[in-house]
Amino acid sequence: MTDPADTKLHLNRDHALHLLREMLRIRRFEERCAELYTEEKIRGFLHLYIGEEAIAVGVMQCLTPEDAVIATYREHGHALARGMPMTTMMAEMYGKQEGCSRGRGGSMHLFYASTRFYGGNAIVGGLLPLAIGLALADKMQGRPRVTACFFGEGAAAEGEFHESLNLAALWQLPVLFVCENNLYAMGTALERSESETHIFRKAQGYRIESESVDGMDVIAIEVAARRAAAAVRAGAGPRFLECLTYRFRAHSMFDAQLYRDKAEVEAWKEKGPVLRFGHWLEETGMLDAAGRARIEAGIEEELTAAIAFAESGTWEPVEDLTRDVYTEPRA
Amino acid sequence: MTPTETTREQLRDAALEELINVAPDLAEETIPPNADLRETLDLDSMDLVNWIAALHRRLGVDIPELDYPRLRTLDATADYLAARLGG
Amino acid sequence: MTAVYRMPSLGADMEAGTLIEWVKRPGERLAKGDVIAVVETQKGAIEVEVFHDAVMGRPLVQVGETVPVGTPMAELEIEGAPPKTGAAQTGEAAPEPRETAQAATAERPPATESRAERAASGESRHRASPAARREAERRGLALDDLKGTGPDGAIVLRDVSPAAGKAERGATAAEGPAPRRGLDLAAMREAIAAAMARSKREIPHYYLSQTVDLTPAGDWLARRNAELPPEQRVLMGVLFIKAVALTLRDFPELNGFDRGGRFEPAAGIHVGSATAVRGGGLVAPAIHDADQLSLDALMDRLRDLVARVRAGTLRSSELSDPSITVSSLGERGVDRLYGIIYPPQVAIVGFGTPRPRPWVLDDQVVPRTLVTATLSADHRHSDGHRGALFLAQVGQRLQEPETL
Amino acid sequence: MSAEPIETTYREAVREAIRDAIQRDPRVFLMGEDVGRYGGCYAVSKGLYDEFGPERIRDTPLSESGFTGAGIGAAMGGMRPIVEIMTVNFSLLALDQIVNNAATIRHMSGGQLNVPVVIRMACGAGRQLAAQHSHSLESWYASIPGIKVVAPATLEDARGMLWTALEDPDPVLIFEHVMLYNRTGRLSPDTGPVPIEGAAVRRAGDDLTLITYGGSLYKTLEAAETLAAEGVSAEVIDLRSLRPLDDAAIMASVGKTHRAVIVDEGWRTGSLAAEVSARIMEQAFWDLDAPVGRVCSAEVPIPYPKHLEDAALPQVPAILAAAKAALGR
């Protein structure tokens, strides 16, 4: 495995297969979630990351276990890439107490303290000030760590986007902003909500070094993320990556997608990260059909075990309802 | 049931103890052994019959109604009981 | 193998969907992810997909039909066994949202009729503060005996007992007899004073007395008790109570309450047995349905009440609801006693001390054990004539003790 | 042995509390608008910038949601921040961070994450600052599970509550009424931390219980003195903690006096007084000899002119009237 802190990517075969497997794990996990949702096993809201897998996987290669990661309600891919086991994640989707958040958060609120994964946050932009704070704590305690925060281009319209980027630049905080620009904030196309549609230019307004990256190319993402993370870790202040991407499915499960036409969706599917990277591996002879089948079978096995774990999970007893509202049980 | 309280003093104490059980509100009062129980302690007929029932349970002595007047004081009661038990 | 395609759940708040178009015809191949149909929901038309390669089978729902989530819509031929998570076998359902632990189980608030309804029904519910209500019950006072000085004439704490009105600044034990557990003598003295003063002030008493030959009852009781151990012996007072209780069945106008001048008959015959409290004070706890109890049962009830008076563990409810009171001062009493009626009751029966006295029997003057029974009654609700008949019948019943 | 008490003010007591905390714990730092170079808009942190420098007395841009969220994030990152929101009026911009993050993360993460942040804000009216700068919204925050809320009214509490709050693993909000900053009093220099839970009986009495907190305490004590002159012994309870409420202390007093009046500068509807009154009805109903009285602000945006502001806020005469009503006089 390549060293996360290394500024350059050494693309050997192992690393390439690792990238593909990580993206496929996300893809297959979420496809199954869509099915489980129609069977009412998963309830509430479900926001799928299918089509954007390259960003989470690419950036996660550049983070050490001590770094912090914070994301939005579309965070299954980030959580998986950050090492959350499929079992506890699926149990959380079922609302079982064996879930990573004891079943209380569900799809939008996956937390995993052991890998400093500070969750899904369901208020658009709400995570940005938290990321600032986490980075501030690192800076004040002299720890060479990176706080990577993932958010959609919709957050750029929130006041907290401006307040957070300004604070990060003003205090030169070790934050890696990763904007996943998938062109639609729920039902509103980017052109209809932002005067400046190039989000990375907004970031430059705060004198933050920022660039735009092809979000469908996992290699491009990893190269850009390595460079940015290294700078952040070295104390050169915040960095901003705008990753151009596209979600292949609806905003959430209950969305007639009237706001975009099918041709556009199909066009982006042709440039999908898993499709493209898969073809590239075959063309370069790094992976043959049998190898690919073995990877898929391994993932299927992991997924089946995760579902069994969730199915056999238990409901949190009602008596524990108020547990952990405060740290000690209230007298 | 052979009464364990064989001596007169023990009989008097037992009688006093049972009297207090029947009328707990007498607990603080000192009851001279020769005081007339009915007059000085304002015992009424219910207290009396409960007291006698208690003595019956404790000492196995069945005191007929005709003998009630002979239990005028604690001393008299002790003598009566000793006579009944001494045989 | 044949499987079933069910109406998928497409959102947190979706219960049902309307089929508007079959995209696939029976027999057509379906690849994983292909759209099988279009379903109308509140949010518009949504293409629904299959999650496994399959061949379209027989449709089970017609276009235009609205069906709940989970309803079988079409049969499918699936190559190979799909991983078994199918909607059919649902895991155990989430627990019913029982009352959450700390959400107060709000019982339905007691139906509070409006004041108008109550006024209409004639029963005037007393406006009293909760503290006043509780103190009155503790003291065995009926609210309608008290005059309210609070807002709109509501009864407040100071109306129930002047002492309680002010915060109990240290027990008033210093002057009065030591307060025993349970029965607060000072408070009791005041309560008796208030009740007796009101009784004398408002109730027009008439008084009757009747001398009764108690010898037959006395002999009968002595014979009966002689054969019994002390625990089962019965006191003469019990015979008095039973005689009064049985007689009251024929004289209901003596067994009830005065409600603002109007007579309210009691639901049962609950005899208050006046019992002196050592150190001063008097209570008349009720023996409920005394007319239906055997002599032995009455004796046990009386023994229990007296024991609890002595120990001060009397329940307040017992203090407040006798329908008539019987007072007898026992062996060391007086020949005759005239009681004062306990409001809101309308009568009180007294028994003097039974004593041997001369009595004319078959033209002979002979010594007999005699007792004087008295009746004080509220002339607003009964007259002397009826009172006299009542006393005579009580005397007559005592001549046949075996019938009690 | 505590040193000889010295004359000081509520403001200096809060400053001393901040200085003491920063000296004791390297994780502690103060963050807020104009807390550093300017010395605090109520001069609470005057001098601390020169003593501890910009890292630990950290001025922020006018970004309440941003720096409050940053305080919460820093607390999750291992710091013990004191976030100063200039006044409760501006805290409305940070409500989302306080309610959806600070108060919720511990429970929603299944107990994995703590948010040991302290958020201080000035509150209340009385300086003719008009509607947007005169809010009393403590009851909003006191209804949120997951945070604790305190209202120091005395110099001892202003000096002692902060350290206890900083040591608490959960978020604590401290409300400082603007009219208290100038209060003078004697305080021993080495007074230590005080509990942030539990009410205090500021004046014992038997006939009536006056329940209040924060800025209304001294008007309530003044009313109690007037009542005493008329032969009425009023007990004054200072709640100190608005969440959790000290039910035991409230019911003990009402059980004794049988009458309660609650004085609260919040608007009557949905006020903290409403919550305390409901709890008295639930837990001490049979002790009540009169309806529970409430003296609250008029339900109106607090007006600018002095005579109207005074008319809108709870005052001593209104407390006396409510007391008399409770006494059935």
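The first chain written gets the first letter, and so on, giving A, B, C and D; residue counts start at 1 in each chain.
Quick note on the criterion: a contact is a pair of C-beta atoms (placed from the backbone, for glycine too) under 8 Å apart; a residue touches a chain by one contact, two chains touch by 3 or more.
Note that the coordinates shown come from a computational prediction; the quantities given were computed from them, not determined experimentally.
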Centre-most chain [mean C-alpha coordinates]: D
Rounded Å distance, chain A centre to chain D centre (Cα mean): 41
Whole-Å gap between the CA centroids of chain B and chain D: 69
Centre-of-Cα separation between chain C and chain A, whole angstrom: 65
Junction residues of chain C, two or more chains touched: none
Pairwise chain contacts, counting only pairs that touch as defined: A-C, A-D, B-C, C-D
Residues of chain D defined as touching chain A within the complex: 27, 29, 55, 60-61, 63, 65-79, 81, 93, 96-97, 100-101, 105-114, 145-146, 148, 169-170, 244
Partner chain D, residues of chain A touching it in the complex: 68, 99-105, 109, 111-113, 118-119, 121-123, 126, 128-138, 140-141, 159-160, 162-164, 166-167, 170, 322-328, 330
Chain D partner contacts - residues on chain C that touch it in the complex: 104, 129-134, 149-151, 156-157, 166-167, 169
Interface residues, chain D side, partner chain C - complex: 206-207, 233, 256-258, 282, 285-290, 328
Interfacial residue positions of chain C with respect to chain B in the complex: 180, 222, 225-226, 229-231, 233, 235-237, 276, 278-279, 302-303, 306-307, 310-312, 330-332
